[in-house]
Every structure is written in structure tokens, then in C-alpha cells.
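First subunit A sits with subunit B, and in the next complex the same chain sits with subunit C.
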Partner chain A sequence: MTLHFTPVWFIAVPLLLAFLSPLWVRLRLLMPILLGAHVALFALALSWIPTVRVAPLLETIVIAPPLGIHLHLDAVSLLLVALFNVAGAVVSAFLWLSHAEPHLRGRPAFILILLLIAGSSGMVLTGDIFNLYVFLEIVGVSAYALTALRRDKQALEAGLKYLIVGSVAAIFILFAIVLLYLQTGQLNLAALARDFGHIPAPMQALIGLLMLIGLAIKAELFPFNFWVPDIYRGADPEITALFSGVLVKAFLFVLFHLVFLLLADPAVARTWLMALGATTMLVAEAVALRQQDLRRMLAYSSLGQVGLITLALGFASEATTAGALFHMVNHTLIKLLLFLLTALMLRRFLSVRLADLQGLGRAMPLAAGLFVLGALAVLGLPPLSGFASKLWILKGFAEAQVFWPIALILLAALLEAGYYFRWIKVFYAPEPPVTAGQAEGDWAYTPLLLIAGLLLLLGVAPFLLEDWFVQAAKALLGRGAFLESVLGVQP
Partner chain B sequence: MSRVPLRKRFRVQTLLLILLCGWLLMLHLTLLLNHGLDGLTTGVGDTLLARNSETASANAVTSVVVSYRGFDTLGEVTVLFLAATGVGLLFAGGLTSSPVPRDRDSHPNEVMVTGTRLLFPTLLMLGVYVVLHGHLSPGGGFQGGVIVATAFFLRMIADPAFTLDHARVDFYESLSGSGFVLFGMLGLVLVSTASFLGNFIPHPVAAMGQLVSAGVIPLIYLLVGIKVGAEVGAIFQDMLEPEPAPDHDHAAKEL
Partner chain C sequence: MLEFLDSPRVFHGIYLLGSLMLFFIGLYGLLAKRHLLKIFVSIEIMELAVYLILIALATSPGETAPILSDGLLTFTGMADPIPQALTLTAIVIGVAVTALGTSMAIQYHRLTGKVGVGEMTELKD
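Showing the complex of A and B:
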């Protein structure tokens, strides 16, 4: 009997902890366990970096692929799993250390947050398309319940809306999976990738379209993201931080993982995906200019960044993909910072409308300072990490002699500067602040300062992770290597 | 009503949307129903069916559900667990400001009471049978668990004084769920299988068709049965009787 550290721990441990939650309630250990689990899984992820650098790790469950389910740990899935667990750790530390409302510290919140992160890790790790759907359901159901957690009118409305939209998206994806199975008789991603080319072309288009609509709804891409601001407005900002930081990233990864695997030549879909990304980015940034509520503004800003990442990933060159993965990490960190700051502001001012936040800089100097830092990082100003990742993406486009995305990205950055400075100007307005809520202790700022430190560190020294991002981009684009590692043959 | 013009009574957009959905459904059904008419396929399903004897489970569906794709089953159990958590979250304390309590003075009619008295033990036994024979005959943990929960649901309707103890339901749910994961992990750490959810109990093919056969499969299905029964029972209870939670008023004020 030996102790195996395998990728299945990323899923089995949170499930076990969630099932045992009545015990933690009795022992009063909910918050320490929530934080400890994510920190431990993050450490576990880091311990695999040397192994995965050599070759992807395949974890067979019961029966070897392509017959059974397997977990596929390569550089890109390891990167995202580590990122998700960091996000989980930051949010749970924030909930533990600050004066969070009781509904955010209870047993339901514990279960839902733990399984949201576990489900997202599962979606990224799994090598089987039906298993992917199961994790998608886990993530979906936890997200719907988390949205409605506060149980007031807005939260319930948002939860109901999310439930309906999310279920419709899930049905689209399920239809696509059913058709894939009927056409190929396979469920393993590598086997599907091998056989997808033999499906008749109209059927390929239908499956692609169903999958694209379902995943675009989930990943919040332009024509399908009408629901996002309402959800982000209705849910608690602590929860929204997880939606923007973890959920969207997991779905974006799934979308591009499937595109790069199933299509032998990703250039077929290049124009479409890039157009989708570019419209998402420009529309969201333009709409964000007019928002009066901080949560809605951040929601549109998040959509804009998702569009940028889609644009860069859709181009599918190694440099833009690596840059996009770096930007994914940055955007998760930045949006965690900004949404958690929103939570603090909401507790102090009881409203996050533009008119009510006059003179916030005097009541909460640290929060305002961190907000400025986060805003500058989104814009991509040196020496913050947003600069390094945007520069990488722009360089990738410039090397390929494609210039229209560069112009659009710079235009979007200008729009971003417009609305972020509009809010910063209000924060430092000379009017005296009108605070109605409680002041927060200094401990609540610890996780936020940690993120701010990471943003600075990654901006000053991007080379620390550069190699990992290049490896991850190669893993994401390397269809041949993926097929070979699972099926043992070169296609 | 009659003054409302016709074009306002029928929303054209809604009608078009319904028509579009109907057309898509027909298209999908046509695709599905026309498939597989030409006989054999060569999908994973057939390969797994051919290899079924290695699990020594007489019911091939069960060996796929619990063994080959047991990881999916663990996920599905988790989805149900999340749904039960969500329902408990939303219904505890009621959604309206003045929750409507279940009317304890209204007595269910005689047919309901007598019928339930007769049906309850039968249903319970059928449920347990379906769970325990999941590896031999059609059925298993999910189906049997729901049958058991239905038996308790009838009891709740027929006898207003009967309620499930929430703490005890939580205990069973927690025990069976963690038992499932622990079985999986035991398969992982034991050298003989070294795979999550591996079948580490000896399961000779000769015993196929007997009650004690197929190794861990019946044990895992039993845990699934307990978990599904407890969760569906808890959902019924939450929907039937919104218990005013003690901290609800407090929470409502904070919002």
C-alpha cells in the first residue's frame, strides 16, 4: 500500500471535504478547511511542475483510455488548476478574515465554493468528453446556487436567470456530445480528435455550431453574454470574483481545447473566433463607459478582457497563445482584487453606485490605492503584470504581420482608461465621504495585498513564469503530442 | 380584454421562437431516430459490453455505471448533492416575508392514509431490493434510492406529524458520500488496482449472478442508494415544510 499523489486528488479531496461538511460545522472548522484545502492543492500542483515539464501525466481511472475516463495533466491544465486553487484560497482567506455576512460563511457556501473550484479543475483536467459534461454540471449547479446565496430579490432573480441561461447552454453542449458519440462511437477526447475528420462535413458544422453556442454562452462571448451583467450585479462581489476569475477561464479553456483538438487545422475557425473575440471586447468596453454601478462596470470590463483573450487564443500562434494564457492569469488576479475591493466598499458605503462613492479615497485610502493599482494593471501600464502580458500578445501579432488586432487592442485599452479613470476621479473627489456601514479591520486586506504583490512581481519579473507559459501554449496547441500521449500513435 | 388589439394579444416574437425551437427539436429527433438503423456500431459501448465479464457483474449497465464510468457516477451524485444543498438553501426559512406553514390541522383523506399504510413497507422493501440487486437485475442505487425516498414522501403526505430528522438525513448523506470517495481512494492506494475506483475486492467470474459477486460494485451502489435516498428525501422535506430558520429574521434585517 503506497500513497499515490495523482491528479485525481484535485477532485477527490474537495468532494470528500464537501461530503463531510456536517462534521466541519460541528467542529467549527469550515473556514480553515476551505482555505487549507485550496492552499494544499495549490502546493500539490506546484510539486508537479518538474514532472509535467518532461511529459504529460495520464491518470487512468479503472480502464485505460480510449475506453475509460482519464485525467490529463499537462503544462496548460496544471497552470489553470494552480490558478483556480490560488483564486479559491484568496477568496476563502478573504471570507475568513473579513466581516463577511453569515450566509457567505455557512455550510452551503462552503460546499458550493469548494465544489465550484473542484468542478473547474475537473473540466480542465479531464480527457473524456462526457466526464467534461459532468464537471460542467457540477460547476453550473454550484454557480446557480452561489448566485442566489444572499436570498434577497436581486440575488434570487439573478440566480433564476442564470439557472435558465446556464441550463440552455448545457443542453446545447449535451446535444453536441450526443451527436459526436453517435457519429464516432468515442467519448475520449483524443479518439474523438482522431475520428472527427471522418464525420460528414455538414454534421461537423452542426456539432461545431452547437458546441460553440453552448460554450460561448458559458464563456460569456458577445452575442451570448446579455445575461452576464445582471448576474454579476445580483450576486455577492465575493462570489462574482470567482465567476470572473475561475468559471469563465475554465470555459474559455474548454472551448479552445476542443477547437485545437477537433480541428486538424485551427485556421478554419480562426476568423470566426477572432471576430467573436474582437466584437466581445469592443462592445463590452464601449458599454462599460456608461455604467453607474461598480459591479456592472467591472462585469463589462471582465467581458472586455475575455474578448481580448479570445482574440489572442483564436489566432493560435504560439506567441499569442502564451501571451493569452499569461493574460488569463493576470486577469484572474486583477478581477479577484477589484471584486473583493468592491465587497469592502459595499460593506462600508452600502452601495457601489458612482454617485455614492464620492470621496472614497479619504474613508478607505488603502482600498482606493489598491483599486488604482488594479485599474492600472488592467490597462497594462508598466511595471504591472498587465503590461507584460498585453505586450506579449501584441508582439505575437506583430511577428505574424497581422496588425488589425493590435489596433483594436490599443483602442480597447483607451476605452478602458476612460472608464477606470472616471471612477478613480470620483474616489479622489474633494467631497466628504458619506459612510453608513462598518469599517473593516486590517486583516481583510491581507489577501488583497498578496495579490497586489503578485501583480507587481509578475510585472517586474515576467521571466519567472515565461517558460511555463510557453510550455503551456505548446501543450494547448500540440494536437499531435496529445493524441500520441493518449493513443500511442502519431496521427 | 376585447379592446386589446389582436397583434398585442399574441406576441409574434414568442410564437416565432417557439416555432424555431420546435423545428430544431424535430431536426434533432430526425437525426437521432435515423441513426443506428444499419445495425452494428463500433463504439466504446460495444467494446465495454464485450469486456463485461471482467467485472463479474451480471448487469452490464451497472458495470459501466459503477466501474468503467464510476467517476461520472461520483460526479452525478455530487450534482444531486449540490441540487439538494441549493434547494435546502432556498427553501429553508421560506422565501416570502411570512412563510406559509404547513397546515397541521388538515387531515389527509382516508384513502391516502390507508393506501400509504399498505404501500409504505412494500415500497421500502422494493427500494432496498432494487438497490441491493443493482449488479444482477435492472435498477440500482439511483432507482432504488428514489423509490425509498418516495416511500417516505408518501408517509410525509399521509401523516402530518411525520418528519424526517434533518440531522440524521445529513449524517447518512455525509457518511455515504464520503464512503464513495473513500472506496475510490482505497482503490487508488492499494497496489493490486492502483486506480481511482478500482475494484480491489476479489471478484471471480464464476460467482457472476450471485448476490455476493462483482467485488466493490454492489457496495458502491449501496452507498449511492443511501445517498440518493437521503438527498431526494431531504429535497421533498424542504419543499413540503419550510422551517423558519432561527437566523432568518436577523439575516433579513442585514440585507
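Showing the complex of A and C:
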């Protein structure tokens, strides 16, 4: 029997494994299955690189598009799916190998993490806008439940806030989808892209606005990101690593995928999106300067990086888009590292407030060292990967002779240096550390060292993935090719 | 005397007006009320308004349900089934989210005795 590999596996396998969870509990296989599933799906994603390079892969479900539902696997969605599974694998390895709290190792966490990764993969793979909404809600529900998983006051409060904000965002997105359907009679993304130009202009603006509000809330863009630091503060750091690494990236992709598809000329929205990105970046970096809790600081830092990625993607030139996709990968890896380190610090010190982490470098030398490495990667210092991706973005702007984003990005990096070194200074302060929690075994550091290795590798040898990022940028910007591959006609 | 109500333009206009009113009632509740359950009710009202717009504007007066049965052997004069399928899906999702939200609100109330979003202060520095 030959196994038939299809993109549906990225969604079906996690769902199936999640439904079979009682079996894994009985066999005591929860954590190995969680890790194994993500590693296997990552390998599956890699095996598709040669195929996707030639042409995007369309997986039809029952009826051919534009009538039926299909999954669209091209270079950019493959890149993101691979990234999501790496993130899932790292977090599950960390949960397995470290002394994670029981609620993070139990069946609910297992199911919800798989649903989160499956939904995020579905969001980037689907070629149908209503399916997009369904995946968005799957991701949403699992994220709300994961936030509140610890079931103490803080976690429940964060979960409730997230649920309220998230449902409102989903209503706006649903409203936009309903208007799109009523105007065009289509749900297929390619058919919508073809017909969107025929909608009256005021209706186009209304749909765009509703979609932008909904997705900006979900993708944490200013001024719709007021809720983010609270959520990141209340949820477990292992879970926020997934939010910052997977969720935000999936929503950013959806936002820009829709912008590039629906608007025949992305320059219409360029100024707005770039302004949105720039304000998100500067406001977040400025507020991060005075945070007293490591989780809040990292949340603002994450918002700053999201702003940078939005700024670069919004410009919609091939070089900045490729650079932004590279930076997306980097940011996911860096924030996984930093949030998982936060989890370790929280277990050791029982608090991650600035004042309580004095002298951490002596109690946890490896953790402090890795934090410095992650901070330098965020700042974009060579030879770490953040340098390569930021340089790519800056080069893209310089080639296009647009200089104000370069100035803003460098200013943001300066602010970042300010607050990261404020924390690093405290870690290496001469005061003796006050540790209250238990020490971690060395195994917990394995996934973290793996990420650190990846950051170094991508920084020293960015050419390893360069070709893939260029392909992905072409796929994301290539509206004509997308329409042709789905509808079979050149628009 | 009331035949004019059956013309699609008037029919759609009435529904659109009604659902937009519902939507803004929900939005008002969301912004003005602090009680958790009232917020969930407001969110549900906004959702319902969106469903109503989809169903009402996709259907015209005189169209029948898209089901073949005795006497109805061809698909003529039938409503577009897609909006109805979409709405059913969306309703199911909405119920799931609200159920999760309410259960979380109940747990939160049991732990803290608080019911309002204004009183949520655990996460502030």
C-alpha cells in the first residue's frame, strides 16, 4: 500500500490525534505523541519543497474550485506551516523534558495545542474564505482555553479578556465575509480576488475596514492591541510562546494574503499598512522601556516586532517581503527561546518581576546566557539571524529609495537595546539571587539550545533559506499566478 | 394592501434596517455594560445581527427551501442554500465560544466573587 501524502494531513493528523487522546493517556504516550506529531509534520512539510518550487499544490476536497473547497499549498504557506510545526515541536519538547506544571502536561493541554497548530495551519492553507473563518474560530477557542488553562484568578481573567476581544474581532471578520458573499456570490479566495474590483467603491472600503479591524485585533496591531500585554501576563509563558510564535504569524499572513489578493494594486493600502506597522512598532517599543514584569516586557517587544514585520510587508516590494518573512521565522524562534526561558525563570524564582530577578546570572548561568543571545538576536546583531533579516528589510527599503522606514527601524532597535540591557544588567547584578522554586534538570535546556543553534546557523548562513524566502515572497505577492493556478485563467 | 412589502427592495430594506439596529444595540451593550454576562449577551446580539443580514439579503420573497420533495422535483425558485449552511456553521461556532466564555465567567466568579470587567485588576502592575 502506498501512502498518499496530501496537505490535508497538516490539519487532519493533529485533529485525529487530539480525538484519540484517551488512548494516549492510557498508553502514557501523551507527550511523545505531541512531539512526534509536530516533528513528523515538519518532515512532511520539508518533503514538499521540491514540488512546491515547480507549482503550487492544490488539494481539492470533493468538488473542484471555485465551487468546492480547496487547500492551497504554495511556497509561502509551506514556509509558515513548517514554522508552526517547528514551534509546536519545540514547545512540546520543552513541556516533556522540563518539570512543567501538571495542567500543561495533561490531556486538555495536549488537545488544545494540537488544535491550535492545526487551526493555524488551516488558516494559511485554505483557499476558501469561510473555511478561513472556521479555522480562525478553532484557533480562537483553543487559544482562549489555553490562556485560562491554569484556572487561577490571573489565568481566568486573561482568558476572559482574550475571549471577549477575540469574539468581537471574529464578528467583524464574519461581517466582512458576509458582505463579500452578498456582493460577489463567491467564497473562494481566487474568485473573490477576481470579482472584488467590480464591487462599488464605498462597499469595498466598508469591507476593507471591517476586515482590517477584525484582523488587526487578532494580529495585535496598534491601536487594537491594548489587550495583548494582559493576556501575555496572565497565561503560562509556555503558551504565550505559542501565541507570539504561531498565532500572530498566522493572522499577519491572513491579513497580508487578503490585502495582496483582493486589491489588484496593493499600493492603495500601502501607506495605511505601513503607518499602522510603524506606529505599532514605535508605541510598543517605547512602552516596553518601563515594564516591571518580564512577561509584559516580552509582550511589548513582540508587538514591536509585529509592527516591524507589518511595516516591511506593507511596502510590498519583493525584497522587503522576503526579508519580512525571514524576520517572521526569526521572531518566532527568538520569542520561543525568550518565553521558554521566562518559564524556567518563573519556576525557579516564582516571579519574573525586575526586582526579583537580581543576580539571576549566578543561579541560572545557562538561562541568563541564552537570554542574552536571544536579546542580541532581537536587536539584530551579527552573527545572529536577526541581523540577516533586518539587513534584508533595510536593503529592500534602500533599493526602493524610501528612507523613513529605515530611520524608524533603527530607532526601534535602539529602544530595544535600551530595555533588553536593562534586564540583562539586573541578571548580572552582584546581589545574591533569591531562589524559592526548584532547579531544572539539564534536559529542559535541550530544545532551547536547539533554537539557539538555529539562530546562529541562520545568522551565519542565511543563504541556506534565502531561495525559499524569495520564492515565498513571490508566491505571496503573485496575485496573477494565484488566480491562474486556481481558476485556470489569467485575469 | 401590504403587497408592496413583498417587493425584494422593500423586503431587504426592512431586514437590513432591523439587523443593523440589532448590531448597534449589541455594540452599545458591549461598550456600555461592565457585567460579564451582559457583555456575552451583547456579543451574541451582534453575531445574530450578522447572521440575519446574511440570511435575509440572500433570500428573496417567494423562494422556497432548497429541498427536493413531493411536487418539487427541480431546483427552480429556491433560495440559495449556501448562506443557510454558513449561518448554521457560524451559529454552532458562536454557541461554542459563548459556552466557553460563560463557563470561564462562572469559574472566575467562584474564585473571586467578581462579575464585572471593570473590577478585573489581577493583571495590572
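Keep this in mind: the second predicted complex is superposed on the first by the 489 of 491 C-alpha atoms of A that agree within 3 Å, B and C clash if a C-alpha of one lies under 4 Å from a C-alpha of the other, contacts with A are read in each partner's own complex, and residues count from 1 in each chain.
FYI, contacts are C-beta pairs under 8 Å (C-beta built on N, C-alpha and C of every residue); 3 or more make two chains touch, one makes a residue touch a chain.
Keep in mind the model is a prediction, meaning the values are calculated, not measured.
Asks: After lining both complexes up on subunit A, report clash or fit for subunit B versus subunit C.
Replies: Subunit B and subunit C clash in the superposed model.
Asks: On subunit A, which partner's contacts cover more residues, subunit B's or subunit C's?
Replies: B
Asks: Counting only touches as set out at the top, which of subunit B and subunit C does A:234 meet: first, second, both, neither?
Replies: second
Asks: Touch test for A:63: subunit B only (first), subunit C only (second), both, or neither?
Replies: first
Asks: Using the superposition on chain A described above, determine whether A:148 touches subunit B (first), subunit C (second), both, or neither.
Replies: The answer is both, since A:148 touches subunit B and subunit C.
Asks: Output check: A:164 vs subunit B and subunit C. Expected answer is one of first, second, both, neither. What do you get?
Replies: Once the two structures are laid over each other on A, A:164 reaches subunit C alone.
Asks: In the overlay, answer first, second, both or neither for which of subunit B and subunit C A:174 touches.
Replies: Only subunit C; A:174 stays clear of subunit B.
Asks: Touch check for A:296: first (subunit B), second (subunit C), both, or neither?
Replies: A:296: touches subunit C, not subunit B.
Asks: Just to be sure I read the superposition right, which of the two partners does A:134 touch: subunit B = first, subunit C = second, or both, or neither?
Replies: After superposition on chain A, A:134 lies in contact with both partners, subunit B and subunit C.
Asks: With the two structures laid over each other on chain A, which partner does A:351 touch: subunit B (first), subunit C (second), both, or neither?
Replies: neither
Asks: Is A:446 touching anything from subunit B or subunit C once the two structures are fitted on A? First, second, both or neither.
Replies: Touch status of A:446: no partner.
Asks: Counting contacts the way the document defines them, which residues of subunit A are shared by the two interfaces, the one with subunit B and the one with subunit C?
Replies: 130, 134, 137, 141, 144-145, 148, 151-152, 156, 175, 178, 181-182, 185, 187
Asks: Provide the residue numbers of subunit C that touch subunit A in the complex, in ascending order.
Replies: 30, 36, 39-40, 43, 46-47, 50, 53-54, 57-58, 80, 82-83, 86, 89-90, 93, 96-97, 100-101, 104-105, 107-108, 111-112, 117, 120, 122-123, 125
Asks: Help me check something: in the complex, which residues belonging to subunit A touch subunit C?
Replies: The contact residues of subunit A facing subunit C are 130, 133-134, 137, 140-141, 144-145, 148, 151-154, 156-161, 163-164, 167-168, 170-171, 174-175, 178, 181-182, 185, 187, 230, 233-234, 291-293, 296.
Asks: Which subunit A residues qualify as touching subunit B in the complex?
Replies: Contact set of subunit A toward subunit B: 1-4, 6, 8, 12, 15-16, 18-23, 59-63, 66-69, 101-103, 108, 111-112, 115, 122, 130-131, 134-135, 137-138, 141-142, 144-145, 148-152, 156, 175, 178-179, 181-182, 184-188.
Asks: For a test of understanding, state which residues of subunit B touch subunit A in their complex under the given definition.
Replies: Spelled out, the residues of subunit B in touch with subunit A are 28, 31-32, 35-36, 41-48, 67-72, 74-76, 78-79, 81-83, 85-86, 88-90, 95, 167, 170-171, 173-174, 177-178, 180-182, 184-185, 188-191, 194-199, 247, 250-251, 254-255.
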